[in-house]
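One chain, chain A, links the two complexes that follow: it is found with chain B in the first and with chain C in the second.
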Partner chain A sequence: MDDGSTDSDPVTAGESSILDTLGEDVIRIVSPVSLCMLLVVLLVSSLSSTNDLSSSVSSLFLSSTTTPTSFSSLNLLLLGSDSTWEEIKSALVTALSFVVVVTLLTFLLVLLFYFRCTNFLRIYMGISSLFVLSFLGGFIFLLLISHFKIPIDPFTFAILLFNLSVVGVFAVFMPKFPISMNQGYLVAIGVLTAYWFTMLPEWTTWALLIAMSLYDLAAVLLPIGPLRLLVELAMSRNEEIPALVYEARPVDPQPGDRVRVWRERTDVRIEATENSTNSANVQTVQETRLAVSEEITAPLIEAFPQTGDRHLGTEEVEDGIGLGSSGAIKLGLGDFIFYSVLVGRAAMYDYMTVYACYLAIMAGLGVTLLLLAVYRKALPALPVSIMLGVVFYLLTRVLLEVFVVQCSSNLLMF
Partner chain B sequence: MTVAAGVGYVLIALGPALSLFASVIAKKPFLILTLLSSTLFWLISLIILAGAWRAFLPVKSTELWPYSILILTSVGFQEGIRIGFWRLFKKMEDMLNAFADRVSKPRLFLTDKMLLALAGGLGHGLAHAVFFCLSLLTPAFGPATFYVDKCPSIPFFLISAIIALGFVIIHTFSMVIAFNGYTEGKRKDQIFVPFAHLIAALITLINLVPGGCNIGLPLLCIMAGTTLYYSWQLVWRRLTEHQTTRSSD
Partner chain C sequence: MEGRDDQPTADVESGARLRPSAVRSRGAVTWPSVDGPLGVSWEEAETSARRFFFWGFAFLPLLWAVNCFYFWPVLVSKASPSSSPHFNRIRSYVVWSSIGFVIFAVLLTAWALTFAIGGEHLFGPMWKDLVMYNLADKLQLTGLM
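Right, the complex of A and B next:
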């Protein structure tokens, strides 16, 4: 029946409904991920060569309207005429070796963190971000300049590149930098690294994505997994890990400092303090549980701040998702990179796969966030999204494309 | 036909959707999430349909009946899914109301529920425009254009953009009508939505006849206008009824 007479018109009553602010946190993490994917798709589609061997929907569509397409030619087009057993084998070997190298490096990181060499780690992070921004960024800018024939002289280019890289390194690692610049530069690093990964051959990219998502699952959830060890170490010491992590905080300045501190979830003394949820005065290392004030903006994940475990991943290849010290969601930069690699590789086929994979990745991210709200511990953000993305890519390429092309070329739509 | 033409086609298909998004939906984050999930829903239903029809494609005949079966099954399936979507919507509404009680905020207003229906419908329309129109627009950004044999007077991209525009409007507002109809239990609204969808899809069958698109396109736009008008009347009636019940307290 109707809602009853207890409802009041929001405009006249001046009240706001819960619909106004619900889901804000999720959107704040969805927007940068979408932006990163969009930039990678634009880069891929503008810089990729047009003589790609794999067929696209448009060429399929054009051929289907002029000549009847037989199933064999369709199969040939779909599988690609150069997918031999050797290519698959080399792809598997490459992916496996990459995973092995990442595992070893992560264990090395855990070891260094255990021996409290945090300064060394920070310097290493800074150098690697500088490398990504200056070398990869410079390389991609050069590609763009030559493709679009932008008139620019070497000196301007060098000065611009130098400035952007140095500011980027500072933005990512200095704690008092404006959060919007920090977020912007993290997205830029993600875009550059993801574009570089899409330059790998096709089978290698897919094998790498699947291998990394399996590795992520193992490294975060298994008791001997390096990432889990790292998380537990940092938690037990109440320190922060030097890492590249995107923190989805709002751009307005917070009264407290952006210190990432660990909190034990289990032994918590319930002390309702006067503090609002935003003043993260967490220099004092006590395990208090701040009471949720009568915040109108109750987050979608009703996580009481300062209680959820936060998972900060490793070096550049960050994986994992967790809750930040101000209740904001944190997503490792590695997740950004691998989502964008998947979408970029889908863009090399056609835009229909891009849309399908984008929706699949968003669905996977939503599922992971739900699980995060339920389990309240560090979770791997890669597996669900990548698996859904791969499944949707295959389904679109095999099933959807033919159907849609068949309908649209006859101007039949529903 | 150059980037300008490509962007133009995109805007023809998605113009009203973008303005709806920017003015209504972007302001409330939850509606953006609803939009994304309903787009995903529509995509999954389309993939299931494509899977079911895969063995029979490509249809080589130029007769009408295979295509009409295709249309009938597809529309029937999607309308059936709409009821499932409405059940999910009811569950979500209950969860939202429970959450509102827990944080001591008012429950969902009538306008909220209609906004949710609008976001759901826009998600469906957006999915339609993206998969049936936008994903085929890639050649339009190049230097040439393309004409279908059956419709030599209008470029193919323009036809698909106009059809996508019609269907965006139909999907968006028929979701509002359908949710209101299911909530109130009014038979007339419940029957209108599948009917309108079916008629619109059958109108596109006219495009199979050579030269038929000259008739099919205006008819589709009339159908979209009818759906828009019907939904406008329904929402107006519902809101004024609601006002009078509220002011009579």
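Right, the complex of A and C next:
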């Protein structure tokens, strides 16, 4: 129709520059991460106090100094200097054994992938997702019911749980499922697993977070790292790695070959499992927990960038953050989980630390996305965010809180 | 720049040239699923709709709801001469799924509300034993994790 005008403005007509879609891309990955964190914070704050839901939600928005830091004072009471050292020692041992188990399992995954046992991996991951959704989901559902005294009968409960978990397994595994439901269920799995992790003792959680971010850094960037091997294997074979990966919807869907690319990707979509919780439980929990935790998946796999070239159609799923072949950003579910664990643990202290840690994690995610755009290869998404989050948590707890409390109590600010 | 004026690919309706990612154009539905161009093709859509419909009978009414949600464009638009031959078959599966889901939802809501609101007046002391939080305490279900 208007050939003259379309020809004169090359950027707006045929090609779209990266700036057109960058904001949308970032929003589409930041929103689910934020949602996951919000849900974990809500769960933690509503289930660990005697408040009812409305007051816990309202206190989220009020100034955090109005809720006296009951958790922190309780912590101070419980921890003497001796027991602190004991706790730290056991926390370090737990975190170390956790990392060792995860490394071994990831190497096992690489081995299985090398021998092309992808069906076995798929089935295994399906079973673990089913366990997470039904057992963990049921457990948390029961906690909520008991806490808020919801008058539900066992028949309705069973039907709801059964439906939600089975449809959830279909949603994350079957290629032909609504994308929004797939994404929603991935976030749900992240929330459930993250909540479960926040039930670990405090020092253990922090040691675990730091250890996992160091492991992530090593596994993705070192040449002998298992996740890097996995990526290279998948790249050489042009296959997808089995993993639970959150893939943001591509911003500019085109019909035709993009449909093909998406389907190629989703057909082979599978999951990787890191049975991280095993070692954590060895120290602290009984046999029953061990048996169930075998199946817990903390997949730390994310996609791999092959941007621009749609014809490659490769979806390397890797630890860290990457780009799908349609240019959509992929973030592994393990990152969702550990971000939410950090924020959930911060919520157990006070809401001020929640805000600080949330901002730190988002800043870290932004930095990681920036690095992704620069380096265009699979990157670990945990280290930057977790390190920033931990630093901000400590600074807030030690410095900021005193300042804010003083200002508020003297009616100076806030 | 000339590509814009070329004939679009075969599976896109002529009216869709204006907005290729639009699900609906000029009365006929371009893409069967709610995901649009990222979703399934018409043939796969029929297989999916049938599979969702039959699996829903295994005490999974949520699959019927998913069926309706996924093929919403098919559900809300009418058959037109230019739509795909699979349209009618998919539509029948989706319509039956929606009927099934609505019936199930009504029944379950009715039962759940009766249980919750009726409480002890209706069921007597048995209510206390049946309600989930007491049952969970009695069976120590929350101690498993």
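A few comments on the model shown:
Simple rule for what comes next: the second predicted complex is superposed on the first by the 286 of 414 C-alpha atoms of A that agree within 3 Å, B and C clash if a C-alpha of one lies under 4 Å from a C-alpha of the other, contacts with A are read in each partner's own complex, and residues count from 1 in each chain.
In the analysis below, a contact is a pair of C-beta atoms (placed from the backbone, for glycine too) under 8 Å apart; a residue touches a chain by one contact, two chains touch by 3 or more.
Not measured: the values here are computed from a predicted model.
Contacts of A:Glu239 after superposition: neither chain B nor chain C is touched. Of the two partner chains, chain B is the only one that A:Val402 touches; chain C does not reach it. In the superposed model, A:Ala356 lies in contact with chain B only, and not with chain C. In the superposition on chain A, A:Ile145 makes contact with chain C only, not with chain B. Of the two partner chains placed by superposition, only chain C is touched by A:Pro178; chain B is not. Once the two complexes are laid over each other on the shared chain, residue contacts for A:Gly366 go to chain B alone; chain C is not touched. With both structures placed on the common chain, the touch criterion links A:Met413 to chain B but leaves chain C unconnected. In the superposition on the C-alpha atoms of chain A, the part of chain A touched by chain B in one complex and by chain C in the other spans residues 3, 6-7, 10.
Across the complex, chain C is touched by residues 1, 3, 6-7, 10, 13-14, 135-136, 139, 142-143, 145-146, 149-157, 159, 162-164, 166-167, 170, 176-179, 181, 196, 249-250, 252-256, 258-259, 262-263, 288-289, 292 of chain A. Across the complex, chain A is touched by residues 27-33, 36-37, 39-40, 43, 46-47, 49-51, 53-54, 57-60, 67, 70-71, 74-75, 78, 96, 99-100, 103-113, 115-116, 128, 130-139, 146, 148-151, 159-160, 163-164, 167, 184, 197, 200-201, 204-205, 207-208, 213, 216, 242-243, 245-246, 248-249 of chain B. Of all the residues in chain A, the ones that touch chain B in their complex are 2-3, 5-10, 15-24, 26-27, 30, 56-58, 61-62, 64-65, 68-69, 294, 296, 298, 350-352, 355-356, 359-360, 362-363, 366, 392, 395-396, 398-400, 402-414. Those residues of chain C lying in contact with chain A across their complex are 1, 3-5, 8-9, 11-12, 16, 20-21, 30-31, 33-41, 44, 48, 59-63, 66, 69-70, 108, 111-112, 115-116, 119, 130-133, 135-137, 141-142, 144-145.
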